[in-house]
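The next part holds the structures, each set out as C-alpha cells.
The following pair of complexes shares a single chain, subunit A, combined with subunit B in the former and subunit C in the latter.
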Partner chain A sequence: MTPYGSFTFFFILAVLLAPTVILGLKGKRFHTYNMFVSIIALGIIFSSSINQAVALIVFTIWQVVLIKVYIAYRKKNNGNTIFYFAVILSILPLVLSKMLPYFSVVNFVGFLGISYLTFKGTQLIMETRDGLIKKDLPLSRLLYYILFFPTISSGPIDRYRRFDKDLEVGISGEQYQLLLYEGLNKIFLGFLYKFIIGYSINHFFITNLRFIAHSHFEHQLYYMYAYSLYLFFDFAGYSAFAIGVSYIMGIKSPENFNKPFLSRNIKDFWNRWHMSLSFWFRDYVYMRFVFWMTKKKWIKNRNLLSNLGYILLFLLMGIWHGLEVQYIIYGVYHALLMVAYNSFERFNKKHKWWPQNKVTHIIAIIITFHVICFGFYIFSGQLFHKGV
Partner chain B sequence: MIKRLLVFFTNQKLKWMGRFVYYLLILLLLFFMYGFNDASAGSYIYNDF
Partner chain C sequence: MDFKNEVISLLAEICQDDIVKENPDIDLFDAGLLDSFGTVELLVQVEERFGILVPITEFDRDVWNTPNNIAIQLADMQ
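And then the complex of A and B:
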C-alpha cells in the first residue's frame, strides 16, 4: 500500500494513532507504543510485495550491523580507509538498486524508500567519524530512527541527534495539544496540495494538453509550467502528510519546502526546495569536498573550489535520481546555474550592477521562477522522449 | 482604522472560524471530487527515487 496514497491508508492511520493521541493529551509517554505502530504500518505498506519486504529487512540488518561495527571501531581508531570503506558499504545497496534494472528484470535489492534510508545510514557513519556520535546507540532507537514509517518512502531526511532529542524530551498534555493541532493542520494542507490541487493540475490540465494547446511549442510551454506546479504540489503534499503524522507521533520531522517559487536566485531556491535532501548533500558532499580539498591544499582558489563543490553536488544529485539522461542533464543544468550565479554574485559585489530594492527583488523572483520551471521541464523527461 | 482592522483579524474567534471554514472547504472539495470512493490521485512522483 502506498503511504498517503489512498483514504484507506488514512483511516488505518487514524485507528492506529488513536491511542497515541489519547496518551499524548494525557501527557503520558507514547514512544514505545509508536514503535509498535511503526512495525504495523511498515507491515501494511510492504504487504503487497514480499520481495520488497525481504529487501527492507536485509537492508536494515546490513545498515545496523555496519553502523554498530563502525561505532565500535571509531571508539578505538579513526582510520581513513575504514571510514571510506564503511561509507561505500553503506551506499552499496542503493547503488545496486539503481544499477540492477539495467542488467536484470527483477530488482531484488530495491524497495520503497531505499534512498532515504540510505541517507540516514550514511549520515550516522559520517557523524560517528566526526565524533558527533560517541556512545553506542540503543538498538531499538536506531531501528526506530531508520524505519520511522511516516517518512519512509520519500523523507524528509531527519538527523539522528535531532530525532533522539525528540525521543528524550517529555511532552506535557498542553504541548502535545499544540503538536497535534500543527500535525492535523499539515495533514489538511497535504490533502489540499496532493488530492485537490495536484490531482486537478494533472487530471484536468496535463492529460488534456493536446486538446488545449494549438501548437507543439505551446504544448511544451504549458507542460513545463503545469508539470513544475504539479511536481511541487505532489511532493509538498506528501511532505505535509509525512511531517503532520510525525508531529502526531511526537517527532518534529524537518520541513522540506519553504515557498520555493518565491526564491530570489538559484542558491535561495536550493534553501527552499526539498530542503532536507539539499542540506544533506550540502553537509555530506559539498562541505566535505571543500574541507578535504582545503586540507590537502590541492586547489587554493576558493572560488574555483566552491564551484567544483557545486558541480560535484549537483551531478551526484542528478545521478541519484536515476541514470536516465534527463536526470543527468538536470544535474548539469543546476550545476551550471549555481556556478553562473556564484560568478555573478562576486561580480555584483564588486560592481554593484544589480541593486537591492523591491523592484529588483520582484524581477529576481520572476526570472528565477522561469529558470526553475525549465529545470523541471528537463527533469520531466518530456524534452528527450519522442512522440510525447 | 488600521489598528481596528488589526484587532479584528487577530480576534481568536475569527481565527477559529477561519480555520473551521478552511478545513470544511477542503473536506467538501474532497467529497465532491472523490465522493465515497477511495482516492485515485495517483502515486507520488518522488516515490520512484
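And then the complex of A and C:
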C-alpha cells in the first residue's frame, strides 16, 4: 500500500495511532508502542511486494552492520581509507538499485524509499567520522530511526542526533496536546495541497491540455507552469502528511518547504525547496568538499572553489533523482544557475548595480519563479519524450 | 584582546563587513553576511587560529546565528 495514497491508509493510521494519542494526552511515554506501530505500518506498506520487503530487510541489516562496525572501529582508529570505504559501502545498495535496471529485468535491490534511507545511513557514517557519535547506538533506536515509517517513502530526511533528542525528551500532557494539534493541522493542510489543489491541477488542467492549448508551444508553456505547481502541491502535501504523523508520534521531523515560489534568487530557492534534501547535500557534500580543499590548499581561488562545489552538489543531486537524461540535465541547469548567480552576487557587491528595495524584491521573485519553473519543465522529462 | 573580541574580529574579516562589530547580535544568515562558503572559511580559521575543531554538522544555523552566539559556542568548546 502506498503511504498516504488512499483514505484507507489514513483510516488504518487513525486506528493504529489511537493508543499513541491517548498515552500522549495522559503525558505517558509512548515510543515503545510507536516502534510497534512502525513495524505494523511497514508490514502494511510493503505487503504488496515480497521482493521489496526482502530488499528492505537486507538493506537495513547491511546499513546497521556497517554503522555498528564503523563506530567500533572509530573508537580506536580514524583512517581515511576506511572512512571512504565505509561511505562507498553505505551508498552501494543505492548505486546498485539505480544501475541494475539497465542490466537486468528484475531489480532485487531496490525498494520504495531506498534513496531516502541511504541518506540516513551515510549521514551516520560521516557524523561518526566527525566524532559526533561516540557511543555505540542502541539497536532499537538505530532501527527506529532508519525505518521510522511516516517518512520512509520520500522523507523529510531527519538527522540521527535530532531524532534521538526527541526520543529522550519527556512530553507532558499539555505539550502533547499542542503537538497533536499541530500534527492534525499539517495533515489537513496535506489533504488540501495533495488531494484538492494538486489533484485538481493534474486532473482538470494537465490531462486536458490538448483541448486547452492551441499550439505546440502553448501546450508546452502551460505544461511547464502547471507541472511546477502540481509538483509543489503534491510533494508539499505528502511532506505535510509525513511531518504531521511524525508530530503525533512525538517526533518533530524537519520541514521540507518554506514558500519556495517566493524565493528572491536561486540560492534562496534551495533554502526553501525540498529543504531536508538540499541541506543534506549542503552539509555533507558542498561544505565538506570546500572544507577539504581549503585545508589541503589544493584550490586557492575562492570563486572557483565555490563554483566547483556547486557543480559537484547539483550533479550528484541530479544523478540521485535517477540516471535518466532529464535528471542529469536538471542537475546541470541548477549548477549553472548557481555559478551564474554566484558571479552576479560578487559583481553586485562591488558595483551595487541591483539595489535592495520593495520593487526590486518583487521583480527578483518574478524572475526567479520563471527560472525555477523552467527547471521543473526539464525535470518533468517533457522535453525528451515527444508525444507524451 | 579577549576571546570574544577575537572571534568577532575574525567574523568581520570573513564577512568583509564591520557591522558585525557594531551589532554583534545581528543574524549573519538572515542579513546575507554569511553563507555556506563563509561558514567553511570560518571553521577553517577557527581551527587554525584557536585550535578548536568544529565539525560542519555541529554548526547549526539556528544556534550559531549571531557573532555573540558564535563566540559563546566557541568559548564552550575551548
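Details
We adopt the following convention: the second predicted complex is superposed on the first by the 388 of 388 C-alpha atoms of A that agree within 3 Å, B and C clash if a C-alpha of one lies under 4 Å from a C-alpha of the other, contacts with A are read in each partner's own complex, and residues count from 1 in each chain.
Following the convention adopted for this analysis, a residue touches a chain if its C-beta (ideal position, glycine included) is under 8 Å from a C-beta of that chain, and two chains touch if they have at least 3 such contacts.
Given the structure is predicted, the values throughout are model-derived calculations rather than measurements.
Of the two partners, subunit B and subunit C, it is B that touches more residues of subunit A.
In the overlay built on the shared chain, the residue A:191 is in contact with subunit B alone; subunit C does not reach it. By the document's definition of touching, neither partner reaches A:68: not subunit B, not subunit C. When the shared chain is aligned, no partner comes close enough to touch A:141: not subunit B, not subunit C.
Contacts of A:282 after superposition on the shared chain: subunit C is touched, whereas subunit B is not. Of the two partner chains placed by superposition, only subunit C is touched by A:291; subunit B is not.
By the touch criterion defined above, A:306 reaches subunit C but does not reach subunit B. Of the two partner chains placed by the overlay, only subunit B lies in contact with A:8; subunit C stays clear of it.
With both structures placed on the common chain, the touch criterion links A:130 to subunit C but leaves subunit B unconnected. Interface residues of subunit C, counted against subunit A in their complex, comprise 35-37, 39-41, 43-44, 55-58. Those residues of subunit B lying in contact with subunit A across their complex are 22-23, 26, 29-30, 33-34, 38-47, 49. Only residues 126-127, 130-132, 159, 267, 282-284, 286-288, 290-291, 294-295, 302, 305-306, 309 of subunit A touch subunit C when the two sit together in their complex. Residues 2, 4-8, 112, 115, 153-154, 188, 191-192, 194-196, 198-200, 202, 231, 234-235, 238, 320-322 of subunit A are the ones that touch subunit B when the two sit in their complex.
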